[in-house]
Amino acid sequence: MRRVLISLLAALAFSTLSISAFCSGPPVSDATDDCLACHTEATPGIVADWKKSLHAAVTPSTGMEKKVVERRMSADTVPENLKNIVVGCAECHTMNPGKHKDTFDHNGYSVHVVVSPGDCATCHPVEVTEYDKNIMANAYGNLMSNPVYHDLADQINGIQTFADMKTTLVKEGDETFADSCLSCHGTVVSVKGMRKRETVMGEMEFPILSGWPNQGVGRINPDGTKGACTPCHTRHQFSSEMARKPSTCSTCHKGPDVPAYKVYSVSKHGNIYDSLSKNWNFTNVPWVAGRDFTAPTCAVCHISLLATEDGEVVVKRTHQMSDRLPWRLFGLVYAHPHPESPDTTIMKNAQGLPLPTELTGEPVSRFLIDEEEMVERRKEMEKVCSQCHSYEWVEGHFAKLENTIKTTNEMTLTATKVLLEAWKKGAAHGLDKNDSIFNEEIEKMWVRQWLFYANSTRFAAAMAGADYGVFANGRWFMAENIQMMKDWLEFKLKSE
Amino acid sequence: MRRVLISLLAALAFSTLSISAFCSGPPVSDATDDCLACHTEATPGIVADWKKSLHAAVTPSTGMEKKVVERRMSADTVPENLKNIVVGCAECHTMNPGKHKDTFDHNGYSVHVVVSPGDCATCHPVEVTEYDKNIMANAYGNLMSNPVYHDLADQINGIQTFADMKTTLVKEGDETFADSCLSCHGTVVSVKGMRKRETVMGEMEFPILSGWPNQGVGRINPDGTKGACTPCHTRHQFSSEMARKPSTCSTCHKGPDVPAYKVYSVSKHGNIYDSLSKNWNFTNVPWVAGRDFTAPTCAVCHISLLATEDGEVVVKRTHQMSDRLPWRLFGLVYAHPHPESPDTTIMKNAQGLPLPTELTGEPVSRFLIDEEEMVERRKEMEKVCSQCHSYEWVEGHFAKLENTIKTTNEMTLTATKVLLEAWKKGAAHGLDKNDSIFNEEIEKMWVRQWLFYANSTRFAAAMAGADYGVFANGRWFMAENIQMMKDWLEFKLKSE
Amino acid sequence: MRRVLISLLAALAFSTLSISAFCSGPPVSDATDDCLACHTEATPGIVADWKKSLHAAVTPSTGMEKKVVERRMSADTVPENLKNIVVGCAECHTMNPGKHKDTFDHNGYSVHVVVSPGDCATCHPVEVTEYDKNIMANAYGNLMSNPVYHDLADQINGIQTFADMKTTLVKEGDETFADSCLSCHGTVVSVKGMRKRETVMGEMEFPILSGWPNQGVGRINPDGTKGACTPCHTRHQFSSEMARKPSTCSTCHKGPDVPAYKVYSVSKHGNIYDSLSKNWNFTNVPWVAGRDFTAPTCAVCHISLLATEDGEVVVKRTHQMSDRLPWRLFGLVYAHPHPESPDTTIMKNAQGLPLPTELTGEPVSRFLIDEEEMVERRKEMEKVCSQCHSYEWVEGHFAKLENTIKTTNEMTLTATKVLLEAWKKGAAHGLDKNDSIFNEEIEKMWVRQWLFYANSTRFAAAMAGADYGVFANGRWFMAENIQMMKDWLEFKLKSE
C-alpha cells in the first residue's frame, strides 16, 4: 500500500522535474526513483547536490568504457543490475543490506544509513583496498587501543575538578570523545535501537545510531568496515574537484599538531594555488602538471594519478597516502621512518611503551620501514617534484628537510631530558610513579615541544612554508619552551 | 553660482559617461547627478563601486513590483519622490537632514556624512526594526555601560607602567578604545566642529567627527540611531553576495574570543564552500538550498530567507541574528540561554554583578529566554539543517553540542575555583578587596579559560569544526590552563 | 654532435606542439627552441607554465610600443637580438654568462641556474634599481651582519642541550638557517662544485649550489646581485595577477612577527577582496580603482601604478616598498620613522647597539627619515586612500594609527623596564654581563612584547583589522605579558 503511495508521489514529483535530466538523461533505477519521489521534498539540498554529481550523470558501463588512465572507477566489472543505471540513492543505501546492522525497512526497501567503504568498493575496489592499508583507516584503533595515546586523549578531554590545591580528573563521556579526537579519527557507529517519529509521510521508524553523525577517516561502520570515503569525497556530489583542493585536507590537517594546510598556505605552492587556481582544471583524469595546474595541491603530491599530456603515467594514483612518504614527520614523540603496518598498536619500544621510538629518540626499527623502502618512497615523490623542478633543486630541498628532522628531534630530546630530571627529582610524577605522563604542567609543556612545535617546524621544512618553521609555532617556540620548562622546574623545586 | 558651476561640470562629466548606464539606463535624480559631477573625479573608486550596485540599477518602484518572496526591500511604499529614481548618493546622504547632527551645507545641499539605519529604514524598515532588537545593535552600550565588561576592556587597553616591582594602570584614551574594542562594537560618532580646507572645487567646509571612521555593528550615529548596516552590506556596492559570504562575518568573528569563522573554515560546510562555491549563486532571492548553494554559509543558518524551488518559505529572513539560537555560546562567564533583552546591562546576578550567570555558573534565569523559547529557536534552526540532513543526524549533532556546553561550563567552574582560592588566600586581589578581577595574571588565565578556550570548544561543537575543540584553542588548552593556574598559585604562595 | 641531436629532438618535439603557439605565434629564439626540445619532456610543468606567461606571448618590441602608462617594461630599448623574439628560457638563463659563477656548459650553451635581478634589469631596469634601494633587497645582510639580530636568530635556531639544570646553546648549521630565517631573508647562493649524473639525455654535468633552493627577497646571487624577483613574480608565469594578490605577500608577511596578511584578511578591504575579487581585473596596466578593483590589495597601496580611467597617474609604480610609508611599524625594538638607508647595519644608538632606537625607545634620528619626508610619504599613501575615502576619513584613520604607535611603544617600554630590573637584580643576565639578551625566558617574553604583540597591534591599526589589535596577539597579550614578566621576576628572585 505504502509502496503504491510512494510510486504515485514519484509520478507526481517527476512531472515537475526537468525532462532533460531524467527522461532523456541517463537511466535512473526504479528504486532510486522511489527515493527521489519523497526526498526531493524531504531533503531537497542533498538531492540537488547529487544531481550535480558524476554519479547522477554516468552509468558504470560508460565509466568502464574509458581508457584505463582516464578511468575514475577501478572495477573492471560491476553487478549486472548496476551496469546501466546511474549511481543513485538506492544503489548505495541498499547495497549489501545483510552486512549493515543499520539496515531498516523504509517503505519496503532495506535501507542503511551509513554508506561504507565496503559499499563503495563495488565500483572502486582498488581505492578501498589501498585505503585500508592506510594509517588513516586505522585512526580509531590506533588512538583508542594504544594506552599511551588514549591517556593523552583522556588528559585532554577529561573534566578536571579542584579542591585542596589538587586537581582530579573525571573521565570524559563518549559524546565528548566523539566531539573532539574522534571527529577526525572516527567513532564506532552502532545501532542503539529504533525510534518511531512523525514524518510528512506519516509515522515511520528509524534506527538510532550512537557515534553519529561522524565523518572521521577511521570510522568503524555498522557493517564492520573501517574508514569513510566521505571526509574527502563529500556527499552527495562526490566531487573530484573537492578532493583535489587543499581545504578538504584542512578539515583534519590544520591544527597546531599537524599544520599541513597552514604550511601549504604560506608556501609558494599554496600561494600559486590561491592566486591562479581559478584557471586550473580540477576534473581531468589523468591530471597533467602544467596543463591542468601550475602548482601542486595536497592531492597532487600524495594521492593523484599524474600523467604527461600524452597519457604516460608519471605516478600512479594511491589511496595509501604514505606511498610517497619515507618519514613520518608527525612526532610520536620523535619523527621517524614510516611504520610498516598501518596498525600502530603493535609497536613496543624497549621500555614496553607502544611507541615507534624510545623516549630518548632511537627508532624501534623492527616496526618501521627500512632504508631501502625509504629511498623507494622518496624517489616516487621526486617524480612529482620533477615535473617542474630540476634534480638539484629537489635534492637541496630534501637535504634541508632531513637536517630539520634531525635538529627538531634533538630539541625534543632536550625537552625530554628536562622532563626526566623533573621526574627524577619528584617535581612531577611520571612513568616511575605509574602516573600519567601527560597530566602535569611540565608534561604538557613537553608535549607541546613535539606535538606542536617540532611538528610545525618539520611540516614547514617539508612543504617550504617557512613561517611555521620560525615564528608561527616553529623554532622560536621550541627554543623558548625549553627555557620555560627549565624555569618551571626551578620554581617547582623551590616551592616544595 | 556654485550650483551653476556644479551643473556645468555635471554636463561635462556626462559627456564622458557610458550612455547605456546613464542616459538610457534607470533615472538618476538631479541631486545625485550633481554629486556624481564632482565625485567621479574626487572619489572615483566609490562612484565606480556604486555603479556596480543594485542601488544604481533598480528603482524602488521596480523593487516593490516583485513577489514578496523575491523582494529585497521590505517597504511596501516609499516617498513619492524616491519611487522612480535609483538609489544614488543624494538619496541616502541627504535623507532626514534635520535628524543628522553631521548635516552640513555642501554646494547648496544639506548633506550628512554618516548614513544610518534610520536612513536605510526608508526602504528596508523590517530589517532595521529586527536589527534594533539584536544584541549587535546594542554592542556599544553593552560594553561601555556594563562595569564588569568595561573593566575588562580597560585592563586590555590601558597603559601599564612599572616601578618598584609594581605595575600601575593608566586609562586608555578614546582613540585607543576606538582602535580596539570599539572597532567592532562601534563608537559614538559626534561632531567636534567644522573645518575649512582646500579642495579641487576651491575652499569648502566639512564637519570634523570624533569616533570616525568606524564601522562597528553597534555604532551610535549622529542622528541618534544605533548600529550600522555597512559592516555587512559594505559601501557602495551593498552587495548581497558579500553579505552572504563568510568572510564578511569574519571581520568581527575570527579572533580567539569568538572564532566562528575559523571553526567554519575547518568544518565540512566551510570546506565545501571553499572548494565549490565558485559555482554557487549568491544573488538569488529567495535563496534555495541545493540549487543555489550546496553547503551553508553563516548567512544561510543565521539570517537569510530560504525557500524551496517552488518558492515555499523554509525559514524567514531575520536580522535579529539570535532568532535561530537557543544558547549564547559566548561565555560571559559561562554559556547560557540567550538573554531576553538585547540590552544586557539590565542583568544582575545574586552577587549584584551585571552578568547572565553567577560566578559559579548558575544562569540568572529571569533575564534569559525560557526552555520553551529555546525549543522554538532550535526548531527554527533545524529547518535549515533539514534541507540536507535527516532528523537523526540533526538530533545527534545537537546532543553533542549540549554535552559540550555542559562540560565546557564545568571546566570554567574548575578554573573559577582556583581563582577563588587565590583570592581567598590573598595570592591575588579580587571582588572581596574591591580590586579589578581582570588585572592579575591568574585572573587573566581565568579569562582565557572561558573567553578563548571554552568559547572555541563550543563554537567547534556548534559548527562541527573539530580542530577548535581540541588543539586549536580547544580542550587541550582548557586542560592545560587549569594546571597552569594551579602551579601559578603554588609558586605565588611560596614567593610571598 | 650533441647539439645536432638536440636540434633533431627539437624538430621532433615541434611536430607535436600546437601550431598556433609556435609557428604562427610570436617568434621564439633558436636557443629557446633547443631548450624546449628537451625540457618539454624533462620539466613539462614549467614549460607549460611559461607558455601561459606574457613572456611567451609578447616580444620586447611589442611591449615597448605601448603608451608609457600602459607599459609593463621600463626599458626604452633592449639589445637588438632580444627585440623581436619572446622572452624564453635561453633569453634569461644565458643572459650575462660571464657574470654568473653558476654558469655551466649545457649542450653547448652557457647556461646559469639562478636568474637574478641583474638579468631581469635588461627589460625592467627601473624596477631593479628601485628594489635595490629597498630594505628587502638587503634582508640578508641586515640580518646576518647586525650582531644583535644575528644573536636573536641564533637563539631561535640553535640547538639547546640540558645538563645539571643548565642549558647550553650549540650553533645551528647553515642548512638550519636556510630553512628558517633565510627562507624569507634570502641565502647566499654559491657554487660548491660540479656533479655528473645520468639524465634522459645521457650523462650530464651540473653545478651543485649551496643555499639552494631559495627564494628569499634578499638572496645573494651567484652573479653578486642582491635580491630576487621570483618571490613575488613567480616562475615561470611571472603573472602580474599573482603579484597583485595578497597571498603572494603572505608567504613572508603572515607570521606573528609581521602579520600583515592576517590583518588584511580581517579588514574590510580584505573582506571585499575575498568576497568580490573574482570579478576584478588583475592584469590591466594601468590599474584603475573602482573599475578594476573595489578594494585595495597589498600591491595597490604599496607598489602599483594607479591611474584614473583617463590614464592620469594617481601614484607611480614603485618597487622601493617604503615610498609610501612614513613609519616602520615593525618594532626593532620600538616602531620608528623609516630608516634612510636600506642597509640598516650602519645604525648605532647611544649604547653602541646597531638599533634604530635606544633600548628605552628614543629614535636615533640621524639614521631615520625626517619629519618632512614622513609627511611626504604619508601624502603619497593618502593619494591611494583618496580614490575612495574622504580627507576626513583618512585623517581620522591615520590619527588612530599614530596614537597606536605611541601607546604600543609605551607598552614596550614598560616591558623593557621589567627586563632592566631583572638584569639589575641578577635574575637574568643581559648587556652588563655580556650575555645574550635573547636567551633567558624573561628576555624571550620581552621579545614577544614588541615582536609579536606590539607589531600585531600596530599592523591592525594601520590596516584596520581590529582583531589583531585586541585578542589575536594584540593588546590583550601586551597587557598580560607585562604581568607574566613581573610574576616571573618575583618567582625567580624567590627561587634563588
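For reference, chains read A, B and C in written order, and residue numbers begin at 1 within each chain.
Here is the rule we use: a residue touches a chain if its C-beta (ideal position, glycine included) is under 8 Å from a C-beta of that chain, and two chains touch if they have at least 3 such contacts.
Just so we're clear, the structure is a prediction, and the values are computed from it rather than from any experiment.
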**Q.** Relative orientation of copies chain A and chain B, as a Cα rotation angle in degrees, nearest 5
**A.** 120
Q) Shared interface numbers for chain B and chain C above half of all numbers used, same, or below, different? A) different
**Q.** Centre distance in Å when chain B and chain C are each reduced to the mean of their C-alpha atoms
**A.** 34
**Q.** Multi-partner residues of chain A (each touching 2 or more other chains)
**A.** 278, 491, 494-495
Q. Taking the complex as given, what residues does chain B use to touch chain A?
A. 265-268, 270-272, 274-276, 278, 288-291, 294, 308-310, 386-393, 396-397, 399-400, 403-404, 407, 410-411, 414, 417-418, 421, 460-461, 464-467, 469-472, 474-476, 479-480, 482-484, 486-487, 489-491, 493-495
**Q.** List of chain A residues in touch with chain B within their complex
**A.** 16, 42-49, 52, 113, 155-163, 165, 167, 172-173, 175-176, 178-181, 183-184, 197, 199, 206-209, 212-213, 215, 231, 234, 237, 239, 241-242, 245, 247-248, 250-252, 254-257, 278, 439-441, 444, 451-452, 488, 491-492, 494-495
